[in-house]
Amino acid sequence: MRIKEHPILELAEKPPIPFYFNGKKLYGIEGDTIASALHANGVKKLSESIHLKRPRGFYCAIGNCASCNMVVDGEPNVRTCITPLKEGMRVENQQGKGHIHAK
Amino acid sequence: MQNKEAIVIGGGPAGLTAAFELLQAGASVCLIDRNERLGGQLTKQTHMFFGSEKQYASHRGIDILEILTNALGKYGNKLEILTQTTVVGMYRDKVLACVKGDKFFKLKGEKIVFATGASEKALPFENNDLPGVYAAGAVQTLMNEYGIKPGEKVLMVGSGNIGLIVSYQLMQAGVEVVGLVEAADRIGGYLVHASKIKRLGVDILTKTSVKRAIGKESVEAAEIWDLDEQWQGIEGTERTLEVDTICVAVGLAPLTELLQQMGVKVQYVREFGGNVPVLDENYQTSVEGVYACGDLVNIEEASSAMVEGRIAGINAARSLGYDVENADFRIKALHHELKDLRGGPPGDKVRKGLKKLGVAT
Amino acid sequence: MDPKNIIICRCSDVTLADLFELFDEGYTSFEELKRIARVGMGPCQANTCGKMVQWEISKYFKKPLEEIPFHNMRPLTLGVKLRAIKEAAEDEE
Amino acid sequence: MIEKDGVPSLNQVKAEFPTLETLEKPKAIIECYKRIPCNPCETSCPFDAITVGEDINDRPRIDFDKCTGCGICVYNCPGLAITVSQIKGEEVHLKIPYEFTPLPEKGKRVNVMNRSGEVITQGTVTKVQAGKKQNKTALIHLSIPKEYVYEAITIEVSHGS
Amino acid sequence: MKNKAKIVIIGGGISGASIAYNLAEKGETDVVVLERHYLTSGATGRCGAGVRQQWGTKMNCLIAKKSIEFFEKAEEILDYDDVEFKQEGYLIVGSDEEEDELFEKNVKLQQSLGIPAKKLTPEEAKEIVPHLNTDGVYSATFCKTDGHLNPFLMTDAYYKAAKRRGVEFYTETEVTGIDVENGEIKGVKTDKGYIECEIVVNAAGGYAKQIGEMAGVDIPVFSQNREILVTEPIERMQDPMVISFSKNIYCQQTPHGAFIMGRGDNREAGLSVESTWKFLDEMAKTVTNLLPPVGELRVIRQWGGLYNMSPDRQPIIGGTDEVKGFYMACGFSGHGFMFGPMTGVLISELILGEEPSMPMEELELSRFDGKDVEAYETNVV
């Protein structure tokens, strides 16, 4: 779903970044956030709401709404729409409120 | 905690011009923006701006951004730019709590200019939380910042300038805009924008709204319906559009949380979609040394935001004791620019809102 | 429209039907709704639902929006890890 | 009705046109139906043919005697609300702004649309100006049947693939 | 709005609502509750939501114990769905020998009153809260029947029960004056009108002193801002409230999942409920030391609320000879929420002339007459 050509914007070719979504290897590109990389791969459902278990994706894409929270490298409640994608990241759909681990 | 002479929060059109004026006057500026790149909404604005040469009319937003950031360039030694930095707390002693990535830190500003802009409103309809229902700004971010299409077929909700412009931008990205619905009985934005998408085949339906999003894990269709005089949906007029994205562009609300945290006096102004700070003629809030400008103080076009940023910046610089060349004359001229920009029918709402705040227009 | 499927507060999963029920029970202000139903109390701090709640109160009780007080704004606007706050505080010492 | 669907009436359109005799020379047609704060048409015109005036919100007025139909205002208008028309025999030569990829090639037959977004006829692309000056708002020159002089406004977007 | 009522209660927090309920339950329904903002907008809605019986004075222990007994049956008694009462205990950790001696004394007192508190070694404490950092922990006490209670829902339960029994509640109604003639209550002035009455109950929390002044009664209390923060919700990871007097902290996970925590830093007396960055810093330092994994949670909100402090840190419950018909339920010194049930019981008994459920001498205002009283409840954060 990446835009191939654009009349106004110059979309430079950028190096790919491999990462894992629910264990499956996917690729984003440099400059992606976690949410943008997932969206480019056709993944829209990012989490399930905490009580009603409704599917949720991002809504605002600027870190306001907390609708895009996911588990990233084991850490829950990461706002994926403003978190830069990094190579090898393990991203998972968040179900429930998540568990934390001491660092 | 670091002490700063002047802190500008928000690197959009208002923040950039405020920072420029402060620097030009001789002040040191710490410019904070939560995004990777400065520019606020300018980074996504691929269309040409209205207004006059003074506000860079006929230049695209993305090109105006370049002009504004280049202008800051020559003050490199007095300018500190903190990008990907979010101000998360604002305390009464003018201490800002900031977050950059995993790091938390505090700054204290002698003068603070708020140019935090606005956030998009959400809309209550069935399954309004289904993935694929996106705010218009999110769609713009996705397309124009990350080069990603939000979907293949979109229903646009709202005919203000944002809804109209984003519809056009979607088409430029190769996305089909299946229709645009507007709850009011007429188009909200500039008619030139509306005509621009209509002649390319986008149906604009007034007195129509989205009833529900349909889909299991993401949007597969949208049901729209006609509205009656009381803005209520009329049973039996429902029809289904096959879309994978519903783009919500139903207006903006000023981002005044931080100001309110520090106890700045605000007033609810319906025309501006929420609480806005009460300002004096220098764009200073009820807290001494705290200024505000841009969409945060009234929802308007970026052209006006740039002018307001200059006024706030000049005044903040003067209050720091800097001599600003021709300050009185320039401020007068800037107020005149605002008056011009707000003088026509699109400015009706702004003038009405400002009147409620006791601001002469 | 089925208010049970209209989500007002995403963070706490509060629907429009929930709001209607609370309105009928006599809760008429945003602050009360926050405390009884956690609407607007989640990580987004009413950023998404705030204006919708205000609008629904206004519609339901047929009061102008100007008369519906907006909720209190409390720091922080975005979640910050306690560890990050501690590290910054120690750095400053 | 333009306030409801974005489509100006034929009368509204015709009011912006000069006489058909005048159109034997290329002339800019400005379709800016509502007052907005904007004046690049005025400031960009090298011939002083367009006036917005003191109040930036006023609608632009064009002096067809001064207008040469150069098309500079077409790609400077933020609202993409200006075209240039010229009647040449049985054909109308139209210059339109265009901001889509790919750009149509010279000689290509394209679908021509009216203000409601309906295909009304076909036309031929006679020239494409898309240089630095146009700054990504290309100027497409079209040749279409004369009868569509008041109707034709743009061409159908083709996304190549 | 009524212009006449027998009893006017000032303050729509847990105390006011509980007093109203208890009066109505005993048949006295000519009662009005006045609240300046909305119910729980004051100290109740700003508190740490913990309820405990581990106190250092007999009086506090007794009030707390009887209150907990009520909470255990509150839903049934008040016919309310869920007040989010969870008895998962209070773990009190101490830092040194001196605190250990205090624990020893307290537990003995508590056990003598039937409160199931016990002393623990640091290792035993860690069994209850595995992520507790026991470095610097000398000993601890634990009472399994202490716990968490939702202040909003608990107050709401009282409010609804009182309302069903005929009490009227006026919110967004501010008391501007109290009419006293010849040492007797005559009425209450509000910004919405006048209410003639015989009895006024001062349950105004942080503003109790100001209400007292309106009636011409000098109440030796002062208010102090105490700050709190709350984190994003997370799946269950900590059962009891963890609290330490020497480390000046309390921290618990609510049933909803969020962690709520506060400190007891001494502040200037005043009515400010300002949030400060200093609190954020201090809180973060203390909690990440005592409960390290909690450091990975994000703070989403902080706020302040008023402790209404009495000279001996025990509540002032009762009337006064100075003004007939003026009753006080104030000076709770930070634990008015958890004492709510007994506050309602005792005040209603006094007003209705019933035999009080417990000896009142230590609670009455007159205990301070001409005396310099020292804080003798020291177990406060």
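Per-chain numbering from 1; labels A, B, C, D and E assigned in written order.
Heads up, the rule we're going with is that a residue touches a chain if its C-beta (ideal position, glycine included) is under 8 Å from a C-beta of that chain, and two chains touch if they have at least 3 such contacts.
Keep in mind the model is a prediction, meaning the values are calculated, not measured.
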Which chains are shared contacts of subunit A and subunit B? C, D, E
Using only protein Cα atoms, the chain sitting most centrally is C
Leading chain pair when contacts are tallied as C-beta pairs: B-D
Among the chains here, which has the CA centroid at the largest distance from subunit C's centroid? D
Averaged-CA centre spacing for the pair subunit E and subunit A, given as whole angstrom: 44
Distance between the CA centroids of subunit C and subunit D (whole Å) is 49
Expressed in whole Å, how far the mean CA point of subunit A lies from that of subunit C is 25
Got the subunit D residues that touch at least 2 other chains? 99-100, 136
Multi-chain contact residues (two or more partners), subunit E: 232-233, 275, 280, 295-298, 302
Where in subunit A do residues touch at least two different other chains? 6-8, 49-50, 54, 56, 59-60, 63-64, 67, 77, 103
Once the touch criterion is applied, which pairs of chains come out as touching? A-B, A-C, A-D, A-E, B-C, B-D, B-E, C-E
Of all residues in subunit A, which touch subunit E in the complex? 50, 75-77, 96-103
Quick one: in the complex, what on subunit C touches subunit A? 7, 10-13, 15, 42-44, 47-48, 78-79, 83
Complex contacts: residues of subunit E adjacent to subunit B: 274-277, 280, 302
Given the complex, residues on subunit A that touch subunit D span 5-8
Sites on subunit A touched by subunit B in the complex: 1-4, 6-9, 11, 31-33, 36, 39-40, 44-46, 49, 54-64, 67, 81-82, 84
